[in-house]
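Please see the structure below; I have some questions.
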């Protein structure tokens, strides 16, 4: 049966096409900088938003019209698997990603919950085999169930910590079973509601203990996925421990976890933390931890995680620029649409339109970023701007030859000859506009 | 002569006093938890706000009526020194803090600039000797002069880097000369206007090089002040490198600078970064880097650094709570009023009123925080909340005995017996109100 | 039976009491400025937060432990009525407030829905009669059901408009039946998701039409409650039409609705709109439309409506100051706790603690505000500051005698003699602290 | 002499041009929807940003390299006039705008100040005559001088009110002298620092008195410019009275000023108030008060008015869409670049680059908006979405025939047949991207 109105596989028709059910920019086989778009972008569909969510918000019930909602329990879970693989085919997308609780309902005991999971994982495995689709990452949902009200790895309740450990253990096993290329930790409730009742030191120590156990167990079972941490500053917690890329780096360094983790960066989380998405990507890139991205966008006038499908071409261009400059590009990671159709876009076809919008926006971003690199637009700017560090006193600074005494001696002679150059921000932005339109 | 209307030294008169020129809560000799208020708080006056600033803002000229403004050049610089020591006496404050450019005007060459500085430093030293007042910290202003338009240690111009090095070298020498207890690095322009023209990796590497040079030079001249970095997320730069405590920790760890630096945390910078002040203090405390504080407050509905005098008793209470729990309290640091009277509070006496307001607010905060500690209010909450980690499976987690397999085994047996307790946030907040009023 | 652990009626025990189940500041019979605290404050309990909500958030399921949750359907609805009147008794609160959908479940048709409502309204009426408790206001929930996905009075679907009209018609009838003192319009989905598909002019015209129909129908049935509009800037809609007090005034003026409406102002909505709560109250007060308040508070570092119980004494003091200065005080309105216990405060007793916290905070605010008025603290400041408008050229300006030519003539003579006075903000804030502590 | 490096008049070279000193999209004579681009856009240069400002910010001195800075006093004022007309020629822009204090220095008395103004106004008039350039609007700066520390028309000091009146009287006379097409009121200090010392009612009454006097005087002297109020929510004041479009409408209605004023809306002010620019334009448009725009953009992660040159094509497209739909387009108003080059873009040529960037961005926005209108993209969406209000019950609602009783009767029959349609936001955004790229 079809869950998406028998929509046919979406084809590339070019930027002039009037067909809403076509790609205007995403041409999977087009080669850019030596790789196909498909290889660069490694798109993934997020199970939770497109198959498990119903459009509810804090003030309203679900609105989504979903053909699978006639089922419930394990039947519903199975129907969602079918719907997921149907959508992957419609969109010609290779990857998907899920939380354990997205794919199967909790049972009345952990044992039953795990059996439910095992059954659906087996079904997913069959579908993967027959379709050739792949799992970008899986993860454990340790924030929805009320037992996690005070956190999971950072709970004040040791029983909950143990439960969370059991849950991640199972998730790692399923990740291995499905050949998942990554495994993600997003700490939905790893944070605090108030410092007034929180032992911050113990909670962070426990989080590190938890992650070390995960590293050890993955090694033990031979699950070689890339581990990823996904920073977010707040929501649902008032303050979350993996606030942003830099905070997460600080944590990983302190607890000797840096060798085992990279970051899964999300656009909307970046802006909630007061950063641009490209800032977070750049910080990760220069620290060698750019692992994967959650592709979405926020509303800059709203203070919560709106998880909109990404359509801002400035953001997608600069995100793809960082990814192209990253060693190995997005590597084992991907461009995962952690994005939901608006509550007002409740028809099944909206899910297709929304993914087309996001894929085209990233494809266009890739085209523009690649051309900026080919034309050395930003490279030329940097070469000129930082030329003074290539020779003379600048080279001495970089090489470590200079110290405060030699620099003072130099400055005393040169203090009246300092000449700065304009940063040319406005011209650069006009150039970026030209590239976005002309490429 | 008097620069402050011949105001007499402010005395403690108690909380019922109607005298605006008296302390209502700050009683310097009152002993709390074994130390006097004076010893706990180590108040400092910020030279820049109270003596060098004029009340201008981006839309208006200076409004401040200052008796020393009849002077200019070095005469003005000298008058400001006298005014500073007069205010220290009026307020019975022991410490002050300054940037190099606050105390002496730039000359036409670096040599002349340094001579100006030397002359004023000698004058300050004389005043310190005769008054017994002390220097909490000094620092170098590397953001006002146009040469720093693209940064100082993170400039793209090696000549500017050299100039900055010479400036800090001189400042370290003056710090030693005046027996400064700390030395602060606030990177006013150490950040970027846009990533589009910025080599983030090189700039951060250079910042680390600069700080290592400073460490080396201080060691060379035997200047044993505590080095402090002051985080701020933005303003004047669009994005500053020392965004917050965690970001700064990440940087210090990466570049092996952690042994040499602590943090000077500012309330208004915390909130601009999306954190409460107590969050930043807590992060610093549990990482052993709580060095000193810049005491002020922002307007939560305004998006820039308003540097208001601190009067919010919730914030001062929770700040003092973290400081009291810090090993050694504020240590060599202090409570520095990096705060300015509003542009509309332009009379000299407003500077006195404002400091009284700030000192009383911190004194009250100290009283309340001490009582909360004596009564073990928060300690009891934590003891109860985290009890599960003291024995059984919780103790195994903390000791490192547990792993995913033992935890899963435990969880499989206990998954239906998990019981959480309320966090009692509303009751805790009501209790805090009682303490603020009753102490 | 008891739904709240057989907690006895909360008594006033004074500010030193250690009993968490006592009032520290709220002494209902204490007379302040000629009225009892009970009369000034007219506290109300919000049905939705305390009886219908379960602690779910966008990332997690309900956590609240509620004894009535063993029931469902109409039995649940009846149990909630009992629980509500039990809590009113425990807290000695006189008023409550509800949306239609809080008190009774929707049926499969509008007819059945209305029958459900009728049955529960009758039950509430009985309880009101026997207990003497009163209804502060009722309202219609036109945002939860998916039919309102595009708005109610501002929907693009005329059928939905009609449904909303029917719903409010019924609510007005029930308000009359229960003797409700006010009727509230909060436009949960009256706004837009995007301007790109919105006919702003038509939607606002329709909103005005809807409100005129409500005015007409209330008149027709002789329901003389005060109509109140509750502004909110965003959430759930991206942009809501009743953005803030001024926007709502503009709307009421344009559509000739000003005679029929006052405002129900909420603290957390104020801050989401970029205003302090006291600003919104002041704007309403000077325009004669201060009707009632929703007493809560937001987290200034979070961008959504957190609806926390109000504990900030600065906010409660300044809110009560505006209310005391309002002609007739809060009038037929009240202090309604549109506030919810944190998701982490899930035990029944937390609901009691939280209301105590809020009631005490408002009681303290009332005490402080009254003393500020008795001592003419702010009155004296205003008298002095604005004295120049009492005579001379200032009086001419106020009386309308002056014009640009007479003023220019005056200014040409006086341009060099203008003297301003300090606004004394820091001293005023210190004084406010003294009052909060000393009263 | 040349103040701008002898840059030649900028020509349109098309979107593929590599010449940074050319227009890529702005082709002044290209006809779009029956008018030339020049007629649609009516670009204006802001005197203050490009000729009077120096690049200083709260943390740093001026950086701008300006050839006219070798002069001072009235010589400087005259040089700036020459520079302004040179830039108008270089950019082929027809309009400029200024505050009184931008063009001439204050003297030691109001008389001298006015003489300075008269002299420069005469010089400007000569330049206008010889060049054919025109004045879009003038205004009075009543925020920079310390006398306005507590406001101008909303000051607490009647002498200051009188001074402000004299200043606006003179400005109106100069507006008439120069044939200014509009006159703007931006209340830089018309607001409050704190409500604690503010008589909000009196201040707003006085503001209305002031504006009525201005209306009367303009009429008296026969100055028929369109009066414009420019809303801004904050900065420099903590809270400004003309918060946003709706607040300003409310004020104008209350004080019977609506017939005399339209709005000058600024993009960066809109976002500081929590609105998109298109929201403010739409609100003004449907209320018939869209007068003119200040074209710039803010940084959505910064909380102050950054006044960046507009380069965001989404914003310029949606702004031009509203303007094209406005009756008479921008009318007597214009697209005024109230924008400043970054402090880091300090070379004279940056001013040219920046204006090119802004002009091209608005020209592209015009092209895209016009095509969206020609293709009826949004019109078709609205026609479909709101069709239910064209007939049947919907038509009855709009015509005023319906009331709560007829609507209830309808709803009782139809409550189970309500069908909503998706709002299609994601598809609409994808379509917008196509238009931005393809047009």
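In this document, chain identifiers A, B, C and D correspond to the written order of the chains, with residue numbering beginning at 1 in each.
In the analysis below, a residue touches a chain if its C-beta (ideal position, glycine included) is under 8 Å from a C-beta of that chain, and two chains touch if they have at least 3 such contacts.
Listed by chain with UniProt protein names: A, B, C, D = Xylose isomerase.
Since we're looking at a predicted model, the values are computed, not measured.
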Any chain in contact with chain A as well as chain D: B, C
Pair with more cross-chain C-beta pairs in contact, given A-B and B-C: A-B
Computed distance of Cα centres, chain C from chain B, in Å: 39
Intercentroid distance (Cα basis), chain B paired with chain A, Å: 36
Residues of chain C touching at least two other chains: 146, 149-150, 193, 234, 274-276, 301, 342, 344, 346, 420-421, 423-425, 429, 432
Contacting residues of chain B [partner chain C, same complex]: 15-16, 20, 24, 271, 274-276, 300-301, 309, 311-314, 341-342, 344-347, 349-350, 353-354, 356-357, 360-361, 364, 420-427, 429-434, 436-438
Footprint of chain D on chain C - complex, ascending: 108-111, 146-147, 149-150, 156-163, 165-170, 172, 193-197, 199-202, 204-206, 209, 213-214, 216-217, 233-234, 239, 243-244, 246-247, 249-251, 253-254, 273-276, 278-279, 282-283, 286-287, 318, 378, 381-382, 385-386, 388-389, 392-394, 397-398, 400, 402-405, 407-408, 410-412, 414-421, 423-425, 428-429, 432
Residue numbers on chain A that touch chain C, as the complex places them: 55, 57-63, 143-146, 148-150, 188-189, 193, 234-236, 238, 272, 299, 301-305, 342-344, 346
